[in-house]
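Heads up, the next two complexes both have subunit A, just with different partners, subunit B and then subunit C.
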Partner chain A sequence: MRALADLSIDAPERQAIRSGGVLRALRVRTALPAAAASTWWFVLPALALYAFIVLVPTVRGSYYSFTNWDGLNPVLHFVGWDNFTAIVHDEAARGAIKHTVLIAVAITIIQNAIGLLLALGVHSQIKSKYVLRVALFAPAVMTPVVIAYLWQYLYTPDGAINRGLGAVGLGSLEQGWLGDPSLALWCIVAVIVWQFAGYSMVIFLAGLQGIPPEITDAAAVDGAGAFRRFWYVTRPMIAPAITVNLMLSIIGGLKLFDQVWVLTGGGPGYATETLSTLIYRDAFQFGEFAYSTALALLLTVFVAVVSGAQYRLLRRQEYA
Partner chain B sequence: MASVRYHEVVRVFGRDQRPAVDSLTLEVADGEFLVLVGPSGCGKSTTLRMLAGLERVDSGSIWIGSRDVTRVSPKDRDIAMVFQNYALYPHMSVEQNMGFALKMGGTPRRETKVRVGEAAHLLALEEFLGRKPGSLSGGQRQRVAMGRAIVRRPQVFLMDEPLSNLDAKLRVQTRTEIAALQRRLGTTTIYVTHDQVEAMTMGDRVAVMNEGRLQQVDTPKVLYTRPANVFVAGFIGSPSMNLQAARLVDDGLWLDGYRVPVGRDTRAAAADRDGAVVVGYRPEAVELVAEDEPGLTAVVEAVEELGSDVFVYGAFDATSETVHAADVVARVPVDAPVARGKRVRLRIKPEAIHLFSASTGESLG
Partner chain C sequence: MNRYTWRTFGLELVMIATAVVFVFPLYVLVNLSLRPQGQLVDPLGVHSLTLANYSDAWHQAGLGRAIFNSVVVTVASVAIVVVVSSLAAYPLARSTARWSRWMFATFMLGLLLPFQLALLPLYTTMRDLHLLGSLWGLVLFYSGLQVPFSVFLYTAFLRALPRDYEEAALLDGCSPLQSFRRIVFPLLRPITGTVVILNAIFVWNDFLTPLLYLSGSDRQTIPVAIFTFVGQYTSNWQLVFAALVMGVAPILLVYFAMQKQIIRGFAGGLKG
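Now for the complex of A and B:
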């Protein structure tokens, strides 16, 4: 479940969240100097676990990326920047970086645009809004791998999508969806957006529900139509939700693995290879452990830099 | 500036049986300050919101000047509204808040600045123009909300309980300021409140509503002296009018030992239920008399000393045949010998008695 994964284990995300403090709601002022000494004991088990699962592997991984480690031989040789130089000259790695960025940007834009529209829709007075909220959020609670298998089935040449197109007389639009190098990447993006637009919607909805209705009423009386009410009043007031959503989706997009692996395995050819799939393949299929830890470090730094920059940019729009 | 007219306006929420606003017909003259008053849930805010266009009108029509605005969107009605919790835009400075409507209306930036400056000067807000609402006190926010309305120079001001979030002292002060400001600007104003003191002190006329229906609309003085029905009688005035069930006998109203003369027409009007009426008299219509004089005996339950006035809260003896046991409030002189638990003799001034039909609650003249 990406929803939880975003908030729990991955090193790059942790760094991003810590550096930016994305979840402002969780930031509570608890200045209790007298109790400080004893409170550390309560934090210790979680901290130890965090160090064991995240900090130590991250540091060791960073170290391995400067060696020739092959995953088996305990004797390591320091090779300096060799692994990183290799990345620059590796066409597959350059392609993976390109695809990763493309997927992350596309997901961030499309998922949030749809999520926002859905949130505005179910925030209105329509009768079935509660049913719709549940229905639209439902895909987000399903396991990404399961969703990916389902979509893979739908995307097959004689799958439901092509048959549906044929049935409504649009047979000319039938495609070999995942088999077409120019389409496969967008097919993956569509699956992610389908699954997580409802997740973005929920975050936007929380923001929208925090706006007192009188404020939009006041804007209406002040002469603002629906679009200008959104642009001048609603948008600035949900800026924190926008920040959280953009951060989560860009981070999620950059580290995307499961869905790509299931849907295309990085193919056809290398058409949908992302940094995550490349790291996995190089490490566990080709045994290039040092090289793949270098790629992983690159991804970590990349995610931290992008999300940090994004956070600073977005925070400026928040008023409080 | 313009007049406002509600014609047979009805609003029903969801599956409610009873309309929130029931065939309301009301006219507000150009430049008038009309106060809509009533208890919570009486439909006064809905009435105001329908005029603003924030609430649908189920049937009937609403006119601003000669224009039917029943189906016009809020932004095209040329009205300004002050909300109970001010509804300031938290992400905008005071200046931006006040200038927002002008910006939406396409007023040139320079003119906006001048007009915001004028309003800020009028409301002593100049030093706060750069601040965000979050850093202002309740009173300052209230003034910004007023400023946002007056910058507009709208046809009509709508105010929805704009003082209810202020403390008592500031509320009294702001009350006077708003009334003075309205007279100075001469803009037609409809002001909603549940506070009858606000209603009586601010409005040129006051419209009393209850359960979605307009009860009476008139000047504060007429509402006080000639309430149209039991509801208005009990709602206007503090402490409220004493109201009790009584019976008309022969040629008058018999009140425990003395007769109140009542006209023939009144008796005829009350005849529908064997002369059953509701009698009403204000606390100041009750006076303390000596034990042996005609009047009603009551046991004092509480004494409220307000400095200039003393109010006695008492319970009548339930012995009388014509007057049913009821609580009574009397305004007595500050030096009157009253104390809790004491028995007092009260006389009701006959000329200050109001009679209402026991069945309809309407005044019997």
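Now for the complex of A and C:
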């Protein structure tokens, strides 16, 4: 009845009353929750799918990582922390943890630095900016497997990179790239940065476009140089874009699989093995299902801790 | 202050040079895919070109079937995700009850969980349900996996949407479902566009899941078909590159046709 009475008032008046907040409290407590409550079952199809595909298997996986699960035998034995102790003593796993963290950190720093510079570049008066945005973002939508094979060729000993170096007289820099254990990890990082720098760029760009030009102009009139303008005016105003970008790249880096699997398969030796490739290998090549889920649980904890910490840290900065 | 100066011109040159460096690998990709067999020297220059690699790769990699499979999986899973996520977002955005906030938090948990943990238990479930090697198993998988992200986008959009229309519809005697279908869902169109774009690109490009869930069957999506094909022909780069170009062409064509919406979707869709 409350809602009926409310609606009988003319629209502009209703608007005025609502913005004054007079009826707001009443409306929230009466008409709307009644309508919304009767639609609670709308969540069921999504919840069923989500529970079947994500929630239940995740809970099962967490449990299995404390058992001797082999994927076939339904009878499980609880083994406590055994799988995790094994991880600590497994050289391949320790290497994978190190590589995963290294890749994630390197991608986060390099990709965002380049993405930010690109965004500042195309957020200017240049005439080609629209074409450049489309070109620079293009790799981000391309299939990672395709990208990885393309770069695998570019990195081959007589591939385009070595030929290019030779052609410009830098033949001494020619390398085996992916075949060199100390370089392979960085070659993978380079591919990811190449593919996703444009992605970081468009997110930074959206942040930059939200800054009223008067603000930076005013700072310029007050005599602030380009760097000071960026640091004291632009940077705080694009803080949300920075948060989103850092979260996306670090989580993406921790979970990285496709590019590593295609480019090096974790090699040479174990030089580029990451948690994701090791999980796949241990489960599907060695049949170590319980050990593999233990690694996955470790990865989950990593992602949760990192994103939680980063979120808090950056949120504080945004409001500072 | 907004004039085109010499410094702007300098920046223009630097940016164009950067973009050329960026696009360069794609030039090499297309260039080599057009080379006759046995002519791999000089990946940079342009020489006698041929389309023979394309027809060879098309047949040998079974790309026609793979593209068909990818289209089926992508369209079906995106359609399901759009329907169930928009529906779920409605009470989550409108109700302030405690269950609604808990439910929203439960969905958001899915944004955080790396899929690797669910991967193996789900694999055995799919195996026991005989859904391995089936495109519908894959559709089911993506429909569940993409729910949290899509619910998040829809809920954020709905919270900013005024309630006046749906209230009017309810008062005029629409059932909640009718009001959702006729009034609310059409109003969600802008965010539905974003949900469709982001999910479609993800599903189309995904590699690990079809690699696992379709392995051992003759059904392949584009990334798996390319992976299998390259595994057999690694030394024949012309053929491989022709397959790569054809594998990535559909998504690039869509990208160039809709670049504005796609870039906006990626830039705005992920803001929390």
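Keep this in mind: the second predicted complex is superposed on the first by the 286 of 320 C-alpha atoms of A that agree within 3 Å, B and C clash if a C-alpha of one lies under 4 Å from a C-alpha of the other, contacts with A are read in each partner's own complex, and residues count from 1 in each chain.
Note that a residue touches a chain if its C-beta (ideal position, glycine included) is under 8 Å from a C-beta of that chain, and two chains touch if they have at least 3 such contacts.
Treat the numbers as computed from the prediction; the structure is a model and nothing was measured.
**Q** Under the stated touch criterion, name the partner, subunit B or subunit C, that contacts more residues in subunit A.
**A** C
**Q** First (subunit B), second (subunit C), both or neither: which does A:286 touch?
**A** Once the two structures are laid over each other on A, A:286 reaches no partner at all.
**Q** Check whether A:128 is in contact with subunit B, with subunit C, with both or with neither, and answer first, second, both or neither.
**A** A:128: touches subunit C, not subunit B.
**Q** Please work out whether A:231 is in contact with subunit B alone, subunit C alone, both, or neither, and reply first, second, both or neither.
**A** A:231 sits against neither subunit B nor subunit C.
**Q** Please indicate which partner A:81 is in contact with in the superposed arrangement: first for subunit B, second for subunit C, both, or neither.
**A** Once the two structures are laid over each other on A, A:81 reaches no partner at all.
**Q** Which partner does A:146 contact after superposing on A: first (subunit B), second (subunit C), both, neither?
**A** In the superposed model, A:146 contacts subunit C only, not subunit B.
**Q** According to the stated criteria, A:217 is in contact with first (subunit B), second (subunit C), both, or neither; which is it?
**A** After superposing on A, A:217 lies in contact with both subunit B and subunit C.
**Q** Share the list of subunit A residues that count as touching for subunit B in one structure and for subunit C in the other.
**A** Comparing the two interfaces on subunit A, one with subunit B and one with subunit C, the shared residues are 217, 220.
**Q** Which residues, counting only subunit A, touch subunit B once they are in their complex?
**A** Residues 212, 214-215, 217-225, 228, 232-233, 236-237, 239, 319-320 of subunit A touch subunit B in their complex.
**Q** In the complex of these two chains, what residues of subunit A are touching subunit C?
**A** Within the complex, subunit A touches subunit C at residues 3-4, 7, 28, 31-33, 35-40, 42-43, 45-47, 49-58, 60-62, 64, 71, 118, 121-122, 124-129, 132-146, 149-151, 153-154, 158-160, 163-164, 167, 194, 197-199, 202-203, 205-206, 213, 217, 220, 240-241, 243-244, 248, 251, 254-255, 257-258, 261-262, 275-276, 279-280, 283-284, 289, 292-293, 295-297, 299-300, 303-304, 307.
**Q** Mind pulling up the subunit C residues that touch subunit A in the complex?
**A** Touch residues, subunit C against subunit A: 1-4, 8, 11-12, 14-16, 18-19, 22-23, 25-26, 28-29, 32, 40, 42-44, 80, 83-85, 87-88, 90-92, 94-97, 99-100, 103, 106-107, 110, 112-125, 140-141, 143-145, 147-148, 151, 163, 166-168, 170-171, 176, 180, 201, 204-205, 207-208, 212, 222-223, 226-227, 230, 237, 240-241, 244, 247-248, 251-252, 255-256, 259, 262-263, 266-268, 270-272.
**Q** Would you tell me which residues of subunit B are touching subunit A in their complex?
**A** Spelled out, the residues of subunit B in touch with subunit A are 52-54, 73-77, 79-81, 83-85, 87-91, 100-101, 104-105, 132, 134, 148, 152, 158.
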